[in-house]
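First the structure, in the form of C-alpha cells, and then the observations on it.
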Amino acid sequence: MGVILEVKNLTKKFGGLTAVNDFSFEIKRGEFIGLIGPNGAGKTTVFNLISGFEKPSSGRIRFNGIDITGMKPYKIVNLGIARTFQLVRSFKYLSLLDNITVSCLSKRGKEVSKKTGTDNYASSILASVGLIDKARIPPIILPHGDLRKLQIGKAVGTNPELLLLDEPFSGLSFEEQLGITDLIKKLHADGVTIFITGHVLRELMTLVPRVIAMHQGKFIADGPPVQVANNKIVLEAYLGRGVKIA
Amino acid sequence: MEKLAKRIIAIVIIAGLGVGGGLGAWFLFLAPGAGEYSWSSKDCPGAPSGISSDQIIKFGITGDVGEITGDGAWEGCYLAAKEINEAGGIKINDTTYYIGVTREDSDEANPNLVTSRGIAAAERLVYNKKVQFGIGGFRSEALLAYQEVFMDNEIIFINTGAATDVFCENVRSWYTRYKYFWRSMPINSSSLGEQIFNYLFRLIYVLNATYSGEIANVGIIYEDLTWTEDLVTGIEYYFGPYGPLPAYRNMLTANIPYDVTLTAADMLTHVNTLMAADCDIVIPIISAQGGLMLMQHYATLQPNFLVVGIDVQSQLDTFWTQTNGDCIYEIQMQSIHVTNKTPTTIPFWNAFRAEWGHDPLYTASGSYDALNFIVWAINETQSLQAYPTLTQKMETATKANILANPELFPSSVGGLGAYWPTTHDLVAGYPFGFTLFCQWQANATKVIMPSYNSVYIDSQLSNIGTLILPPWLITDWTT
Amino acid sequence: MLNLKIVKEKMNEFPSYLKSWVKTFTGSLTIFCLLILFVMPFLSANQSFTHVFLRQFSLAMIFAIFAASWDLLTGISGQISFGHAIFFGISGYICAYLIKYQSFPIWISIIISTVVAVFFGLAIGFPLLRLKGPYLALGTLAMSLILLKLFLMGSLADWLFGSEGISALPGLAATPVIEYFILFIFMILTFVILIQISKSKFGTILKSIRDDEVGSDASGINTTKYKIYAFMLSSFFAGLAGGFYALYIGAVNPTGNFGTVLSFFAILMASLGGLATISGAALGAFFFIFLEYALIEIGVVEIGNLAIDFGLYKFAIFAVILIVIIRFAEHGILKPLLERLKDLWDLLLGR
Amino acid sequence: MLEIKKIYHYYGKAKALEEISLKIEEKALDAVIGPNGAGKSTLLRVISGLEEPDRGKIEFLGERIDKLKAHKITKKGISHCPERRRLFFDMSVADNLKMGAYPVKNKEVYKAMKNFVYELFPRLNERRKQRAGTLSGGEQQMLAIARALMSKPKLLLLDEPSLGLAPKIKKRIFDVIEKIKQEGTTTLLVEQDAVLAMDIAENIHLLEEGKIEMRGTKKELEKEPRIKQVYLGI
C-alpha cells in the first residue's frame, strides 16, 4: 500500500488569521481515515486546499507522487480526487440523473462512461446511492438526506481514487446517517480511499480505523480513534483547558 | 355527464379560438385590400366632405409623434393642405383634387434609436396608405435607412429636418436612384457655419468700433457631440493663432466641451471658467437643456460677456417662461421669425399661430414649403408623375431662374426657395436660405438683430430691432 | 467535446425520434405553428400584406434568433449579458462594410461577419469570465457602451463611418416573400441547433455551470472552457441575427445597431417567452414585435370627446403590459400557455 | 423564572431538539454544554423566538412565550447575544450599543445602562468611536455582550462567547460573565468549552444530539466519563 496523499507543512493564512498552520500528514492507498477537530479547527480549509478551491500560503500537497499544490479544482478532480461539501450543493434545475451526468462527463468519468455509455453509467451511480427512482426530478424538492446522497453520487461520478467527504452526516436524522454510513462503507469496499471530516463524532469515530485531530489549524494527534479520544491535548481542544475528566 | 359537458365546452373553446383567430387574421391581414388605408375627406383638412379617394393627392409625413420636430413637420403640412383645400383644391385636367395628409410615427427622435420603427413607418405610408409624396425626416441615421423605401417606390420625398450632406451627395453621385430625394430644410451644416462666422466677425467689428476695441476674447461652450464638431473646428480655426483674418487671431481664450448630462452646478463651473478667461463674447452651440442653465447663471452672475450662438431651445417662444426671463440679451440663430423674408413669411407665421397656438419650428416652415413646392409642380405640369415630369419641373427652381422670374415660382416662407439641380439641396445665402439672428429683449419680445449686411441686407427685412447690451456690460466696456 | 460516434447514432435514430416527437403535444403544436408560418405568404398577394405585415414577421424572426442566442448564454449557461448588442452590431457593421465597400456577395459577407462576431465573443468572453452575476452583466453592458461610443464619436468615428454609419445596402432578397423564407429557414435551423445543444450533454454541462459553478468545478468540469464555448456559440447566432438585421434595415449606424435598447430587447423577448427554454425566445419575439406594432397601428382611438392616442403613449402602455405579464408569469408565457392549451386539448379528447 | 417544558424542534426530518425541559431560577447562571451540532444554539433560538418550537411550552415569568414573535419576546426582557457576534460592523461601538438599547424608551435607564456597560468593559469606553469591524475578536465579543445588556434584560442568553478566542481572552470574557451574574442578571450560557462553563455556572446541562443527557453542578459532573464520550463519540 503506497502513499496516495502526502501533505507537508501546509499553511493557509486569511489576512491575520492562520487557518491552517504547518500541517502535515500522509494517507495510504485504500485507507479509511477521519479528520476531527472542534468547530473552527480548520478542517474544511484543509479540504479546500487539497481540492484546489483555495491556494495554500505555503507547503506542498502531493497526490500519487504528483505535486497538485495550487492546481485548479477541475484538474485535481481529473487526477482522481473528488470531494463533497459541508453545505450541500446541487444543480438545482437539473434532474438528479443530469446532476450525476455532469460528473460522468469529466475526464476520468468519461473513461468509464465510454465503455458503458454516459446515461448507463450515471444511472448505475444513481442506483448505487439509492436515488434511481427519483432520476427525473430536480433536487430542489429532495429531502436533506437524499441531497447528501446525491452529493456523494456526484463525487463518485468523477471516478475518484480519493474521496474527500466534508461533514457528510451533518443535519441528518439517525436513519439517514445510517444510510450514508452504509454507502461510504460500500465505496471503501470498492477500493476508494476515503478521507472524512466531522464534528459530530458519534458516527465518525466508530466508522474509521484511523483519525487525525487538529485544533486551531495545528496538527495535534494521529492514530486509532480510542487512542486519539484519550489524548490529553485532544480532550483539552474539545472540552477546554485544564480538563480533569477521567 | 359532467365529463361530456366539459368536453363540449372544450370543443367550443377550441373551435372558437381557431375560427376566431383565423377570421381575425383573415380580416386584418389577408383579405383583399386588408390593412389598406381608406382615404376620405377627414384626411383633407379644409376640403368638402364626401370626396372620393381618387380625388385626393396623398402626402405621407414621417416623424416622431408627440415630439417637437416631428410635430412641427406635421403641423406645417397640415396647414399647407388646409390652405390649399380651403381655396378649392387644385385642378388637374379639369378634375378637382384635394390635398390629403397622413402621418406615421417613426420614433426617430428617441435617443435609443430603433431603426426598424422608421422603416415600418415608411412602409406603412407607402404600401398601406399608398401615399404619392413623402415629407419629413429629422434624425439622419433613421432617415438614411427609411428613405430607401421611398426611393424603391419612386416617390418624391422632401426632407425637412436632417442637415447631413450625405443625402444630397447621394443625389449627385447616384442620380438614377436618388433623384426623388429633396431637402427644403435646414440649410446644410457648412453653409450654416459660414453664416455664423460672417455674423460674428461683423458683430465684433461693430462692437469694437463703438467700444474702442473692448472685444478681445471669445469663448465657446458646446455639447460634446458629433453635430457640433465641424462648427467647433471652424471657430477654433478662425479665432485661433492661424486664422485667415489677422484681426481675429488669438481671440479664443476658453474652449469648453461638456457632456449633455451636465448639472446646473457643472454649468456654474463652466460659466466661472468663461469669466476667468476674460471672455467678451461667448458662443454656445447647444441643442438641449444646457442653454437654459447657461442663461440662468448668466442672469444671476451678470458676467462681462455677451452670449451669441446656437441655442435650439431658445428658438421656441416658450423659452422665456421656461427661464423666467433669464434668457434676456441672448442672441441666437433661427430659420424663421416674424419678418418679410419673403412676402409669405408673415402671413404664414400668423396663420400658423392661429392654427396651432404657438410659433412654428424650423421643421414646420420647411414642410409647409415642401408641400407647397410639390403642389406648385403638380399644378404647373398638370401631372402626378414623379419622374420625369414633376422632378424636371422642380429642378427648374434654380437660383438663376428664380432671380430672373420670381413670379413663376412658388413663394416659400423660409427664403426664396431655390434648389441646386444636381443635389436637390436648398440653396443657402440671402435671399434664398438664410439664418436670422434674434435677441430676447424685455417683455418676452424677440427681435431680429441687424447682421450689418453680412448675412442679410438689414434694410430689406422688417421687424429689425436694435442690439441691446446688458447694462452691466455697457458699464464695463465704457469704463 | 463532441463525440462523433454519438452524433452518428443520433443521426441514425433521428427519423424515428422525429416521428415520436411529432406525436407529442408540443411537437404537433410546433409543427402546426410552423405550417401556418409556411403558408402565410401564399394566402395573400396583397401588397400591403407582403410589405408591411410579412416584413414584421421577418423582423420578429430576426429578433427570435437574437433572443434565442441570448437565452443560450444567459438562460442556459447563466452568464448574464446586458450587452448582447455588441455581437449584433459588430456583425451588422462588418456585413455592411463588406457588401458596400468590398463588393462581397451577400452570403459570403454574412458568413464572414458571423465569424467575426464569434471572435468578438471570444475576445469579450475571455476578459469578462472572472466576473460573475451582476458584475458580468455590468461588464458586458460597459463593453457595449464603449463600443457604441467608439463608433459614435471621437477621432475613430470618421474611420468607423461616424454617426451616420453605412447606408443604402441591398436587401437580403429581391422580394419580401423570399426574404421571409430565408429568415424562416434560418430561424428553424437556429432553433433546432440551439434546442439540440440545450438538450445535449454539452447543454447539461452549461446548465450545471449556471446552477452552481463551484459544484461543476468539483465535478471535474473545466468551467472556463465551457463558458467560452457558450460565449462563442451565443455570439455566433447573435452575429447571424445582426447580419440579417443590417440587410433588413438596409443601413447600419451606431445607435441603431449597438444601442443598449437592442440588448434589452433580447432580454425582454427571451424572458417574456421563458428563460432557458430557447423556444420561448421565438414566442417572446413574435409577441413583442406584434404588440408594439399593434399599439402603433391602433393609433388614436376616439371615445366620445376623449381621444386616446395609443401611438403617443405606446411605450408607456407597452411597459405596463410587460410588467403585468412578468408579474403573473414570472417564468415566461411559454410554459403556462402550453399547459393551458394541453389542458384544453386533453379535455377535447375526453382525457 | 424561565421554564421550558418538553420542547421538540425539527429541521426537516432531522431532530434538533428532543424533549428538552429546563428550569432557570431568578438570578441564576446556568450553562448548557455539549459538542458542536448538539442543538445548543437551536435551544437559544427557540427561547428567543427566532424559531418556533414544533412542540412543547416555554414560560417566562409565568407567561407563555413560545408562540410570540422575536421582537415581542425581546420586549418582555429576554436578550439574545448570538453566536459569531452578529454586530453592525460598519457602525461605531457607541452606535452598536444604541441599537442594543432600542427596546428601552426611558432615557435615564439608557444612560445608566451605558455607564454600567462601560464600567464593565472599560475597553469599549476607550474605543467608543471606533468602527465595530475594526475591533479585535475579543473586543467584538465584549461589544456583543454589552449590546445584549443594553436593553436591561431580565434574562440574558449568551451563545458561545468563547468561540474562536485565545485562552487568555476567553478567561477575561468569562470573568465579566461572572460579574454580570453577580450584578443580578439571570443568564443562560451556551458553551462548548466545558471546563470554563463549569467553572462559573451553578447548574450545568449536558446536551447530546438534541437531548439533555445529564445535569448537575460542577462537583457532580466533574467525575463523569460521559462528558468525554458525548464530546468525542467514544
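For reference, chains read A, B, C and D in written order, and residue numbers begin at 1 within each chain.
Keep in mind that, in the parts below, a contact is a pair of C-beta atoms (placed from the backbone, for glycine too) under 8 Å apart; a residue touches a chain by one contact, two chains touch by 3 or more.
Just so you know, these numbers come straight off a predicted model, no measurement behind them.
Judged by contacting C-beta pairs, the busier of the interfaces A-D and B-C is B-C. Chain A and chain D, compared by their mean Cα positions, are separated by 33 Å. Centroids of chain B and chain D (each the mean of its C-alpha atoms) stand 76 Å apart. In terms of their C-alpha centroids, the spacing between chain B and chain C amounts to 37 Å. In whole angstrom, the spacing between the mean C-alpha positions of chain C and chain D is 57. Taken as a contact graph, the chains are arranged in an open line, each linked only to its neighbours along the path.
Applying the touch definition to every pair of chains gives A-C, A-D, B-C. Across the complex, chain B meets chain C through its residues 3, 6-7, 9-11, 13-14, 29-36, 65-66, 105, 111-117, 119-120, 123-124, 126-128, 140-142, 144-145, 148, 164, 166, 170, 224-226. Across the interface of their complex, chain C is touched by residues 51, 53, 72-74, 77-78, 82-83, 85, 89-94, 98-99, 101-103, 105-109, 118, 154-155, 157-158 of chain A.
Of all residues in chain C, those touching chain A in their complex are 201, 204-205, 207-208, 210-212, 214-223, 276. Only residues 11-15, 35-37, 163-164, 167, 192-197, 209, 222-225, 227-228, 231-234 of chain D touch chain A when the two sit together in their complex. Taken in their complex, chain A has these residues touching chain D: 38-40, 143-145, 170-174, 176, 199-206, 225-226, 229, 234-235, 238-246.
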